[in-house]
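Letters are used for the chains, namely A, B, C and D, taken in the order the chains are written, and counting of residues starts over at 1 for each.
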Amino acid sequence: MHMNDPAWWIARYHAVRQRSLALAAPLSDEDCGAQSMPDASPIKWHLAHTTWFFETFILERMEQGFQPFHPAFRILFNSYYNGIGEKHPRPRRGLLTRPAMAQVRAYRADVDARIARLFAAGLDTSARAQLETLATLGLEHEQQHQELMLTDVKHLLAQNLLQPEYTTDAGPAPAPAAPLEWVAFDGGLADIGYDGDGFCFDNELPRHRQYVAPFSLASRLVSNGEYLAFIEAGGYRDPSLWLAEGWDWVCNQGLEMPMYWRRVEDGAWTEFTLHGRLPLDPNAPAAHLSLFEADAYAHWLGARLPTEAEWEYAAQREGGALRELHGACWQWTSSSYAPYPGYRTAPGALGEYNGKFMLNQYVLRGSSSATPAGHARASYRNFFPAGARWQFTGIRLAR
Amino acid sequence: MHMNDPAWWIARYHAVRQRSLALAAPLSDEDCGAQSMPDASPIKWHLAHTTWFFETFILERMEQGFQPFHPAFRILFNSYYNGIGEKHPRPRRGLLTRPAMAQVRAYRADVDARIARLFAAGLDTSARAQLETLATLGLEHEQQHQELMLTDVKHLLAQNLLQPEYTTDAGPAPAPAAPLEWVAFDGGLADIGYDGDGFCFDNELPRHRQYVAPFSLASRLVSNGEYLAFIEAGGYRDPSLWLAEGWDWVCNQGLEMPMYWRRVEDGAWTEFTLHGRLPLDPNAPAAHLSLFEADAYAHWLGARLPTEAEWEYAAQREGGALRELHGACWQWTSSSYAPYPGYRTAPGALGEYNGKFMLNQYVLRGSSSATPAGHARASYRNFFPAGARWQFTGIRLAR
Amino acid sequence: MHMNDPAWWIARYHAVRQRSLALAAPLSDEDCGAQSMPDASPIKWHLAHTTWFFETFILERMEQGFQPFHPAFRILFNSYYNGIGEKHPRPRRGLLTRPAMAQVRAYRADVDARIARLFAAGLDTSARAQLETLATLGLEHEQQHQELMLTDVKHLLAQNLLQPEYTTDAGPAPAPAAPLEWVAFDGGLADIGYDGDGFCFDNELPRHRQYVAPFSLASRLVSNGEYLAFIEAGGYRDPSLWLAEGWDWVCNQGLEMPMYWRRVEDGAWTEFTLHGRLPLDPNAPAAHLSLFEADAYAHWLGARLPTEAEWEYAAQREGGALRELHGACWQWTSSSYAPYPGYRTAPGALGEYNGKFMLNQYVLRGSSSATPAGHARASYRNFFPAGARWQFTGIRLAR
Amino acid sequence: MHMNDPAWWIARYHAVRQRSLALAAPLSDEDCGAQSMPDASPIKWHLAHTTWFFETFILERMEQGFQPFHPAFRILFNSYYNGIGEKHPRPRRGLLTRPAMAQVRAYRADVDARIARLFAAGLDTSARAQLETLATLGLEHEQQHQELMLTDVKHLLAQNLLQPEYTTDAGPAPAPAAPLEWVAFDGGLADIGYDGDGFCFDNELPRHRQYVAPFSLASRLVSNGEYLAFIEAGGYRDPSLWLAEGWDWVCNQGLEMPMYWRRVEDGAWTEFTLHGRLPLDPNAPAAHLSLFEADAYAHWLGARLPTEAEWEYAAQREGGALRELHGACWQWTSSSYAPYPGYRTAPGALGEYNGKFMLNQYVLRGSSSATPAGHARASYRNFFPAGARWQFTGIRLAR
């Protein structure tokens, strides 16, 4: 099949949409309704909001005689698009016991059928192009939410004294950590930003020139064992290692270790995972770290975090020297999330997708074990506030 | 059957316990898991906690070879008994997606069977008496939670833009309000507190003497129509009518009307009910009022709220002159919740049932449409903080 | 001189007013401007507000051709009288560096001269009576603020690492504590409330009948040494001794001892006083205790706090058996601050003096070492929220 | 005189130190003690802290037989140096009525005399160099606080209903605004960072290479009149113009205009200034704007804020084309405050001066009317959080 064939699009659409349901499959309807903190959303809300995205940005614009599946859903499942209108308050998403999961599944099925009909219809070239553009954005958006479904359900289950497993599948087998080596890069004038024919988010553009001074990156991510040494050396008690705001964060919350770690009675270290609470694997990459922790750890070693330009420059040129660029943990950079030179937001509500968040957030590069296959790339810019740690976030050192 | 027959007890036990499940019957498992505010609890939690009460205070003490249904439930479903040990934090009850509703139902069935076995066993007289005392307390406790199940689910559903109904049963038919008359009482030395052979809570004792000056009570509760006149006269904008703390409460929350009222686009007043959002019935008793609102309303009319001694004195002597003493709305009194002279808390964790809450709360008398039949009586002392209004609370005037 | 002589009134007026200035005499202008917490006020504000009271409630009503000393002072120095209009926000009183202390002194002198002229003028009988009533209220009001000046400046100085003294006068000489004995009272029907020809506040009226059951009071207040035994027995770590709200208060603030106590490096106990930080005198009455602490201490001993009716009943009949009724510490009662039967607030802004605070506060009886001579009496009702402890508040036990 | 002459240093030292006292001269001791918000400090605290800096970082290290002026001052006047030890809590600086202003003046005189003695002493070359380095830093530090003294006292006086003047000197005469023109720059590879023989802060180093794309800057700052047009066009009510965090900031605080603006009864616009409240001058640069407001304004015009590299690049090359680079308002850039490539913090407590604040703050370039003469330069990096607006901060547009 070819991209010009509507069946190709319908198949791709269904494959992505189906994966969201598959992620919810191990969970009960009760699990899908709860919201563990304002930053996280219920699984049911993710399933509905991603559907709302297709309904609002495609069906409402392109379907003849459009009728909403349910008029109230326009408000209930709007995340942050002021251009669309009212929104159900974010911290109260866990109170939406109605619509029921069954109704959300019906909502998904209805929208899926209508999107498929739209693809199958004989659209003119311009409409066809618009449909493909918006559907692609909707699917990439859904993949972003698939990662959030895993981080959010992990956070929810971790709150429970029963420490339930999300899945009983076998987790990754422990493997020895490779030695950490430094890989040097020459730097110079470099083009940064997406360069290709496929999809990218608007925040990866425009591709533009930057000067990058010579630098080195660590060949792999910091491991649990290495991070444990920082804890045991008193890292969480020494203000000289921390940014001022990070030290306040540590003190105000009384922090002593990463988010899901716990020291059990016999002194052994454990970590809550999607497979329940397990002994800490010293060789696995340290995960669920805030930028504050990543920066303090680097400071402790006399190293630093990479800039996002260094990371992208290296990813384009590393030739296999760097491990875990993708698929382990997102990697904090020291770069604040800012528009690339010449960046312009799109007109209308879709212009709110990225641009309005470019303040007081920091860029992460790479991808994690929770990122859908094929979703990320070297120019991909993930971003979170410096204190966020419920994502799969780790450390690649630079110097 | 007679109270000396174990079957009498088992039947009564099952009747009360069954009613809790019946209250949950119109709800989905999703509805049962959510917590709309820290003061409210999920239905599932109510169902489990009331079971925990029987398990902890009866089975754990009296069952041979006691094994808990699940060791973690001791913590998860402990409400506020420090004497029992750790507690799951109250504001996070809505995160307990596990145990599932099905497991909570199994928990109920298991404990029910074991309690029934205990009743059927040949206990010695002293153990028998202890069992009957504790079971009675457990059932009265469960009835209190049955009222909370209704107030809490109403609050939850009211948060939802869909304004769903709890039940599709026909609600009460509107009826004309009787004229409001003043009923005079002589007062004098009176004995206050429970006086009988049945059950009462420890806060209704010791029966003791008080001097009550002559007073009058309104023959019925304040109606919606009467309360609406207060709103329309600017009651929520005139600080001279309010207690200082009440005025802060009005201003800080920007309040203009009772909790579930709303003025819709055409100017009509509506009220959210267990049957969804309905037009306001001007003849029904005004409900979901805080003590602040009740006091301001009385102040506006040059009247006042009764003391709890007046209310009890009148209830013992009214001879049919007072309507809606029970079954409509709980009635705020001006009496702070305090121990009766000579009151002593019971030893151990059960001593925490009432005594430790006797501060900064105000007594309500009567009972409401949500109170289980047979649960309340003239000496019954309900209590809430002055700002609470998600309960079925109304106004009986005094002067 | 006689009360019918204007000179008597002018002399009394000046004596009370002069004492406020005398209390400020040991302080710099800088000391007089700071506000250590929202519940406390700067000394300068006290000096101005008490003057505002005379200007607003006497001169504005009674002076021919009244012109305010400064128009903005009507807002700046209004404490809580909504009937007067706008108010400068209470937590920001410490930002009023203007008017300067010198200007506040000038304000006092100006108002004092005008009040004296009013007394000296030939008023008709009715105006004369009104003037005497309002001036008396103004002076009693000023005496209440004189006590607050001492509690507020003590709180301010205690925040300072330098732990400065308010006064270098010799403090009270340590004296042995008398043995604590129980004094029994018969109780019965009693008249409660002010009964005399002099001044009382409206909250001491109407005098009314109450039934008081037999009871005993401790012959003196609890001493520092006795309270220390409670601390050393783990009183601040045992939830079973505390009201639920009190236990939250202890835990949330991490409390382990009374407000101004500290254990210094060698293990010795000290107390911050108006004479600076001093070794704790075990025989002095324990002071600066909240109702929570008073209640927990009483609970620990199997005793209780008196009701306000018991306290007043006893004070009228004790015949010298009770020490420290006055002049040491205010004594917490278990009675919530509520209107006496038949109480009505006065019309207009002066009606806000007491009535609107009758909620979620508890009554203290007696008087303290900071109370002006002649200000308190047996029927006097002081009141504070249960967690307040910057006042001179102690414990008299009952049973 | 020459820099090699101790008298040159002593004269410079006294000149800078004297100016701090001159800034306090129009203020009473009461004015000098108050703290209007946690971000601001009392004038007295600024006077003491700048002295503490010299005492702690010079005298304590270099003076023979050093004795502190007062041992407690080490804690009281430490701002944020964890390396020095304990600190008096920042939000409570306004409670330090002791030491009195007179004592702080004595502290200044004592330290000044000892610093002068140190300069006059025959130090060896290395000690001499250290003294000059530290004294220079101390004086630049004091100049930074001189600007803060003006912004903090302005904020304090603005809270007061009396709207007092800081100074009765004539303010700047209104002048017509020059037309706003766009000045184009070629860009290219540029060296950014301080390049000279004089003093700079460590955050201006290392000088390093950056690639700057072609850009234009506005020839002057945005005026009050221009900003007023934004308000009147509904700028504060249109979420599409604002960063997401900025829109929350506007809504949560109910903002409608810049910090010190007010619309008076007749509809005229006024601005609180150091000369009291004055009519708004439409031609003066708009000041006291947050980054949120600056960004929204630029967005509204289809323009943007400059990066700090663009600003510095232009300032080095503008040749008189750009007005108000210095001396009017600090100019927000879109650049987050981050370390330059190769930046290292100094060892010890002085390393806390800048580096630990490089997160969630944004760079401002230029200088303001409150900046001491000679303090700023083209490479100077001022920084504040995006919501700060009590500084003299304005807008230079870029595109």
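One rule holds for everything that comes next: contacts are C-beta pairs under 8 Å (C-beta built on N, C-alpha and C of every residue); 3 or more make two chains touch, one makes a residue touch a chain.
Keep in mind the model is a prediction, meaning the values are calculated, not measured.
Q: If you apply the touch rule, which chains end up adjacent to both subunit B and subunit C?
A: Joint contacts: the list comes back empty.
Q: Sort the other chains by how far their Cα centres are from that of subunit C and give me the top one.
A: Of all the other chains, the one whose centre lies farthest from subunit C is A.
Q: Using mean C-alpha positions as chain centres, tell me how far subunit A is from subunit C in Å, no decimals.
A: Whole-Å distance between the two chain centres: 58.
Q: Provide the C-alpha centroid distance between subunit C and subunit D, rounded to the nearest whole angstrom.
A: Spacing between the chain centres: roughly 45 Å.
Q: What whole-number Å value describes the gap between the mean CA coordinates of subunit A and subunit D?
A: Here subunit A and subunit D have centroids separated by 38 Å.
Q: Can you name every chain pair that touches?
A: Per the contact definition above, the touching pairs are A-B, A-D, B-C, C-D.
Q: Subunit B touches which residues of subunit A in the complex?
A: Subunit A residues touching subunit B: 28-34, 36, 44, 72, 75-76, 88, 92, 94-101, 156-157, 159-162, 164.
Q: Which subunit A residues qualify as touching subunit D in the complex?
A: That would be residues 80, 82-83, 189, 208-211, 213, 239-240, 242-247, 291, 334-336, 338-339, 341-342, 351-352, 356-360, 386 of subunit A.
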